[in-house]
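Below is the structure I would like to discuss, written out as structure tokens.
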Amino acid sequence: MSLQKHPKTLLVIVAEAVLEKALVRDARERGAQGWTVAEVHGGGHGGVREGAWEADRTIEMKLICEPAVADAIAAHVLSVYAPNYGVALYFSPVQVLRPERY
Amino acid sequence: MIDVVVFFFLLGVFARLVGSDLRLPEALYETLSIYLLLAIGLKGGIELSKQPLVALVPQVLVCMALGFAIPFLLYPLGRALKLVQADAASLAAHYGSVSVVTFAVATAALTRQGIAYESHAALWVAVMEAPGIVAGILLARMGRGGATNWRGLAHDVAFGKSVLLLLGGLVIGAVAGVEGTKPIQAVFIDPFKGVLALFLLELGLVAGGRLGEVRRFGPAVLVIGLGAPPLLALAGAATGLALGLSTGGVALLATLAASASYIAAPTAMRIAVPEANAALSITAALGISFPFNIVIGIPIYIELAKRWTA
Amino acid sequence: MIDVVVFFFLLGVFARLVGSDLRLPEALYETLSIYLLLAIGLKGGIELSKQPLVALVPQVLVCMALGFAIPFLLYPLGRALKLVQADAASLAAHYGSVSVVTFAVATAALTRQGIAYESHAALWVAVMEAPGIVAGILLARMGRGGATNWRGLAHDVAFGKSVLLLLGGLVIGAVAGVEGTKPIQAVFIDPFKGVLALFLLELGLVAGGRLGEVRRFGPAVLVIGLGAPPLLALAGAATGLALGLSTGGVALLATLAASASYIAAPTAMRIAVPEANAALSITAALGISFPFNIVIGIPIYIELAKRWTA
Amino acid sequence: MIDVVVFFFLLGVFARLVGSDLRLPEALYETLSIYLLLAIGLKGGIELSKQPLVALVPQVLVCMALGFAIPFLLYPLGRALKLVQADAASLAAHYGSVSVVTFAVATAALTRQGIAYESHAALWVAVMEAPGIVAGILLARMGRGGATNWRGLAHDVAFGKSVLLLLGGLVIGAVAGVEGTKPIQAVFIDPFKGVLALFLLELGLVAGGRLGEVRRFGPAVLVIGLGAPPLLALAGAATGLALGLSTGGVALLATLAASASYIAAPTAMRIAVPEANAALSITAALGISFPFNIVIGIPIYIELAKRWTA
Amino acid sequence: MSLQKHPKTLLVIVAEAVLEKALVRDARERGAQGWTVAEVHGGGHGGVREGAWEADRTIEMKLICEPAVADAIAAHVLSVYAPNYGVALYFSPVQVLRPERY
Amino acid sequence: MSLQKHPKTLLVIVAEAVLEKALVRDARERGAQGWTVAEVHGGGHGGVREGAWEADRTIEMKLICEPAVADAIAAHVLSVYAPNYGVALYFSPVQVLRPERY
């Protein structure tokens, strides 16, 4: 196969579900062209989050984007939300086929 | 005799304390809460359709004022118990707002005992959701920089699920009236208490999970969780008396004042006062005050209302 | 007087337009639609058990022909409005198929007004799901290369959720009869309208979300969304008259013709005609025609049926 | 005449066999099973409130012994059919435990035929969940090294969803009594059979999926799936006779013995005997014995009970 | 630890849920030995997909496989589905322990 | 942006849902500071797992941790659970911002 692949960055943000709307807005403002969200549960330094009530739900948001865009979003999340919310984020190098879409 | 729905709550608490794998699916939790809000609204609305609306304006205003005042009562208590500003304010906001399920348990108890209450009481619930939250945010911001997005907040509370469904149900009930709502009574009226029982099972599971956290937060959470409800119930009952409510009405307003929100308030405070410890508030509201109210509090508030209105 | 269930739809639209966070869990949406399909089927089946089946064959054939013909009526209209072939065909398919909830609202309205209708009408719904979809696919493929997997498609529609549950309910109702189904009536008959109300709340949320899209698609979507239902209702009513149906039956067939599918058709077209714009069809069907039909259309179609059968 | 709820099961099997996309949301599946367990418990508990508890102790002990003995009966059969130790033991455990839905179908059939049964029969179900599982694990461990975490296992079964909800419902029903549970009967009593019908639709979908697997496991699964139920029914009926139960009671104990667990046992065995093939057991229990019991078995067991107690 | 790790490719396909059955079939035909699907929601060039109705649901499919298999599947998805469906896909290098299973 | 990134290992475990409690316990015992779980369905060598009944559900657990911790957890899962349960696991290199949390 002669698939032409292009490097991008996958930024994964695990955060309290209450932040979803704000995260989508912030990510788009910083250049993300798309996003994917899954409902998850888990635990970390802020204790176990089981989704047992409204404010206890957790989401995992995935953003495939330019490395600089990922950095800008991550920096924003880290400074604005991480101090007061349960947030975990990580970067992963990925390859895509239609680079103009990400 | 304890109302049967309370047993379901205790079953949930028990299941959680013994580490059972019993879990109600999240979709069921959401469905039940949507149902209860709509049904309570509808029932109130059907009654509303029978009376002049203008007479209710003073009641509505006083209820809102009561909800707004409660956090100002509780905040100093929280501070005295060494809670930081954000935590004291957030906790106060939860008690300023109301718990719809506690209200439903109280109406069930009144019905069982044959005590009449203002049939439009759901309206009080709807208007008491928001003011306490606003007061709590003001307290959290007091003497601090952080700007609050009041517009966004007003929108989120006014059009949030709880208020929207309660008011929506009220309006539909009021417009469609007794006749118009007859075909949907088999869903929204008859099964009400059974659905409430299921929801209490779920809340028991959540509250049971919170009980384990009580230790983590020290005595403050216990003192407020057990002390606030009777205190606020007195304030609520006094307000009810001043408004000239019926015996049942006084009991309900006492219950509303004593109850702490665990739906609207946690979400709103998480956004508006993120530096507050969300687990602390929910532990006090749902882990302590909620069980206290439905098992011990409500019978006392009804007794109190009977004496004061005798 | 507007039927109470319609208010729930309007509440949903309102919630969405003001940006409320109200959302019904997806599992509830699926559950309600499974319930409605089964219940409608069962009710029709119970009635079916009381009459000779052979007499229904002509009705069934004519209903299927009507569903098949509708896309051929609408397609030229779509093309005239500058839609590309795939979009015009897909949109036409949605109207060729039927909306079960619109049908349910119409039967509720008839019942409330005390107008009789053919008790086996659910059978019409079941047989009218598929033909319009097939016609739409033919139109999309017309004069083009793309091969259609007709076998797979026939399977997907015939054994798709809607047809399977409707027909399954019909057969169970017909076989078990009035006596046999008595023990399950507390679930499938009595709560029907209340469940319909909840489902309309959900559809209101979806339709409200679609309203914002109307602008995106220009006038075509508005013209078809508002123009097709009354036009098709006339065709449906005429067919009903020709079949010698009762007043209620004529109104129902008019409604079925006027209604657009938002369950079976979108999924089938997504697979068979992927190049069609799915958002356009759903916006017309669910964002415009559905509200039009349940709020304005059905009362008109009933009036029409009354006059024509007078 | 076949009970109407069985038709829903057959509809589910049919849907699955023809490859329909019909799927009930997982949350609905969980909700229905929670509901059925609670409702069965409650109903039994309400009856329990009318009689002296002490008289039930022998029944309870004998039922538990029966559940414990069944795997020892079946295990040699499985081994004779060339199943490895773990598989024979795990399969035996499923039959030692019980199927709540099979029980519910049997009570529905008895009610329809006007045959009385011990009103506290739900208690038998609750105490028969666990012993068969324990016996199966013993058989799997027999003559082998692997240590079993009995404490963890005892906890998981005793406080597992099934036993907890059944016993919880029993206790609530017994404590609240006829009067106390009246307000929740519109949810937990009246709709029971309709909900059972929905759950059988779901189980039909699952069982239909298992049918395709029967071939994979060869004749062993067929022999046990079809042979075990009548065999065990005889043992159950004999036990019922020995206990001096009513006609309905004998039929129910036969049914419980003949039924295989598909909720508690699969999960427990997955943890305690992971080397057993889970698909094999569920295929026999849910794919073969379950349909056999509800369609053919139960009418036979009732007939048998009638003759033996005549 | 002396875990023997083996490089494989993780191919992630985010697509309209209506494609699930076809994607599983296509992936198996091209050599995938397993797949994992999660229900998600999100947005991209095709607008916001919230799962509000049947045809609005989105899935995320993960396939761990040989690089060549991943390429074959991706090429197929890109040519057959991407033109008419909302689809996002990316590749990521991963390591597995039991290489013969992927 | 001058975001300071730190390499970690993402360990993903797809397994029968019945193992969730045990996996969380085992992972914490071996040094994982957090975990995220999503409900999924899929198929592999053990056949199709659709979540049609209680013991048929599948979870995907993600653990961001030190490479050595990931190895210890994976080795444990491989030796204790993989022989008898449907399990798929893979490692992926990721970068995080607050390294002390993982």
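As written, the chain order gives the labels A, B, C, D, E and F, with residue 1 at the start of each chain.
One rule holds in what follows: a contact is a pair of C-beta atoms (placed from the backbone, for glycine too) under 8 Å apart; a residue touches a chain by one contact, two chains touch by 3 or more.
Predicted, not measured: the structure shown is a model, and the values here were computed from it.
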| item | value |
| --- | --- |
| Given chain C and chain D, the chains that contact each of them | B |
| Chains touching both chain A and chain D, listed by label | B, F |
| Maximum centroid distance from chain F, chain identifier (CA atoms) | C |
| Chain at maximum distance from chain E, centres defined as averaged CA atoms | B |
| Whole-Å gap between the CA centroids of chain B and chain C | 41 |
| CA centroid of chain A to CA centroid of chain E, Å | 19 |
| Between chain B and chain E, centroid-to-centroid distance (C-alpha), Å | 45 |
| Junction residues of chain D - those touching two or more other chains | 25-27 |
| Residues of chain F engaged with two or more neighbouring chains | 38, 92-93 |
| Contact pairs between chains, per stated definition | A-B, A-E, A-F, B-C, B-D, C-D, C-E, D-F, E-F |
| Touching residues (chain side chain C, partner chain B) in the complex | 1, 3-5, 7-8, 11, 14-15, 18-22, 24-28, 108, 112, 190-191, 193-195, 197-198, 201 |
| Residue ranges of chain A in contact with chain B within the complex | 16, 18, 47, 50-57, 81, 83-85 |
| Interfacial residue positions of chain D with respect to chain B in the complex | 25-27, 30-31, 34-35, 38, 155-156, 159-161, 164-165, 168, 171-172, 175-176, 180-181, 183-188 |
| Chain F contact footprint on chain D (complex, rising order) | 26, 29, 205-206, 209, 262-263, 266-267, 270-271, 274-275, 278-279, 282, 286 |
| Residue numbers on chain A that touch chain E, as the complex places them | 1, 3, 5, 8, 10, 24, 33-38, 64, 92-98, 101-102 |
